[in-house]
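Same chain, two partners: subunit A is paired with subunit B first, then with subunit C.
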Partner chain A sequence: MHLSINGQSREFPEPLTVLQLLVFLELIPERIVVELNREILTADRYAGISLQTGDKLELIEFVGGG
Partner chain B sequence: MDNLIIAGRSFNSRLLVGTGKFASNQAMVAALENSGAEIVTVALRRVDIDNPADSLLSHIDRKRYLLLPNTSGARDAEEAVRLARMARAAGCEPWIKLEVTPDPYYLLPDPIETLKAAEILVKDGFVVLPYMPADPVLARHLEEAGVATLMPLGAPIGTNRGVRTRDLIAIIIEQATLPVVVDAGLGAPSHAAEAMEMGADAVLVNTALADTPDPAAMARAFCKGVEAGREAYLAGLGPQRQKAQASSPLTGFLRNN
Partner chain C sequence: MQIVVNEQNCQVASQIGLFAVCALRKPDADLILLNGCPVTVDQPLKDGDRVVLLRCGEAPTGAELEAVMVSRHTPEVHFKVKNRCVGIAGVGGLGSNIAVALARVGVGRLVVADFDLVEPSNLNRQHYFIDQIGLPKVLALQEILKRVSPAIGVEAIHEKITGANLCTHFSAVDVMVEAFDEVEQKTMLISHFLSNFPHIPLVAASGLAGYEPANRITTRRVAKNLYVCGDGESVVQPGLSLMAPRVGVAAHHQANAVLRLLLGEEP
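For the complex of A and B:
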């Protein structure tokens, strides 16, 4: 399955939920904001959404800023 | 108590602190601690998926500090609104430091896009703290849009040049019905004190702490600068004059005339 993550193309095995993707990438799900095809997801939805080939994801985190 | 009230919420500290550019998370934590700040700003960025970093949030005590996400990096209203909604989805309270800075050289806030984004975000239930040019007319428009504070710049972000927009900030303070937070460009505790003496309700600093040899010590100095300036404002500064006015008696001393 082909996904676009933060503008980079990646291949992943199916099936894969948003939560499984975050775990696979070694990210802490509650500290990441996920935008799936321009829709912002709340963390309680990560486990219930199966990704499809061609999905575009933005994975966002907090960093230092003024 | 002389508290800072923003959107009905009360704060003891009038110093807001940013978390960017510190040499280490330990240096940042020590600076936050010494600053006395209760509101700290953070930014949102894409995760580097090949190289996930240590999460900033694991270093900030969310019970102690109100996290104020900013929309830095947004070049127009649409991007700013998108970032604000992401921050809220991450479980932050719906407080947002609105920044729209299309010009990468001076990072000056875009007044038109900032106002547009403020209108959308207020309607969407956000408490909006807009970083803005020191423009009293824009300040009125932002107040009408329903923002929670006015945050005029003292000088461009990260320049440490002080309250260069002093005369315009004075007009904003005179006319404002909202807290005025001088944000950006303050580089020394004396700059913070100057803004507070003028009647600003608070100041926000980041580079002035982070980009110094000892951020924790500088944070303590800024805390004192803000308190000194606030106390001087409340006490009321004496009038300025052109001519000298003696503080000591000059009459009746060794002369008869």
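For the complex of A and C:
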């Protein structure tokens, strides 16, 4: 299926949850804010949401310090 | 002719002298500034002169302070920010400096939350003082903000912010600020806040350690209603700690983004 990730179109096998996508991309969920189709998700929803072809994701990585 | 005395326009007789204005408006003044310069000899005033009459250490009244703010920022800007509320989660290096900047610009109400106490190691970058060591940061900050802007309303929450309690504490803010240190706290706050309040803009920070060029720090929109200030990558590591100048640059990027949002501008 096609997913748009940070503005780039990419191909992924189905089925795929948000959590599986993060693991596949080797991203650490605690350091990422996920926006799916213009909606920000809380981390407890990552495992329960199956991605659909055409979904648009912004995966925003944060580093500590403040 | 018209002159300005303590930031207020005054109609006065032409040829009036400086000391006469002083006697009329503030006879006990012990410092007289004429167009920005200290003056000790009497002299005739001319149209458009700016006179400031001060008693050293005397607090201006609320009305006087407001007149100064209106004069500096224009009535339009002043009344827009005065009636708004900003939430700040975390008042360390980022949050303490953001809060002070927003108080100086005249934001009417701040909700500040942090569970930490002021420690000696904070003083390299955080807006606290030696005599505040051991105080809860939110109470130390409240004290500082009242010294900057006596009319400001500060709600100080000495508590660890969680996904559950942030909805109660920050439900009434016009703009939210993420100013935590730990990355897990940052993402927790952002995701829970914007899930619950998708219509309220949030200004976060990422990447501000060390002393790399300040110009690498930017403000950018990364999602609907989410703005991030920082270089996105400078993380604390051996030899690369958090230091006042760069933390301050990022904090003031955040404060300026908040101000622009309050004024209806895209950061």
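As a convention for this text, the second predicted complex is superposed on the first by the 62 of 66 C-alpha atoms of A that agree within 3 Å, B and C clash if a C-alpha of one lies under 4 Å from a C-alpha of the other, contacts with A are read in each partner's own complex, and residues count from 1 in each chain.
Operating definition for what follows: a contact is a pair of C-beta atoms (placed from the backbone, for glycine too) under 8 Å apart; a residue touches a chain by one contact, two chains touch by 3 or more.
Note that the structure is predicted; figures quoted are calculated from it, not measured.
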{"item": "Partner chain in contact with A:E35 - subunit B first, subunit C second, else both or neither", "value": "both"}
{"item": "First (subunit B), second (subunit C), both or neither touched by A:A43", "value": "both"}
{"item": "Which superposed partner A:Q8 touches (first subunit B, second subunit C, both, neither)", "value": "first"}
{"item": "Touch count on subunit A, higher of subunit B and subunit C", "value": "B"}
{"item": "First (subunit B), second (subunit C), both or neither touched by A:G66", "value": "both"}
{"item": "Subunit B versus subunit C as contact partner of A:E26, first or second or both or neither", "value": "first"}
{"item": "Subunit B/subunit C common contact set on subunit A", "value": "30-33, 35, 40-43, 58, 60-66"}
{"item": "Subunit A partner contacts - residues on subunit B that touch it in the complex", "value": "18-22, 28, 41-47, 49, 52-53, 55-58, 67, 69-70, 72, 85-87, 89-91, 157-158, 184, 204-207"}
{"item": "Interfacial residue positions of subunit A with respect to subunit B in the complex", "value": "5-8, 10, 25-28, 30-33, 35, 40-43, 58-66"}
{"item": "Residues of subunit A that touch subunit C when the two form their complex", "value": "30-35, 38-43, 58, 60-66"}
{"item": "Residues of subunit C that touch subunit A when the two form their complex", "value": "90, 92-95, 163, 179-184, 186-188, 190-192, 194-195, 198, 204-209, 222-224, 226, 228, 230, 232-236, 242, 247"}
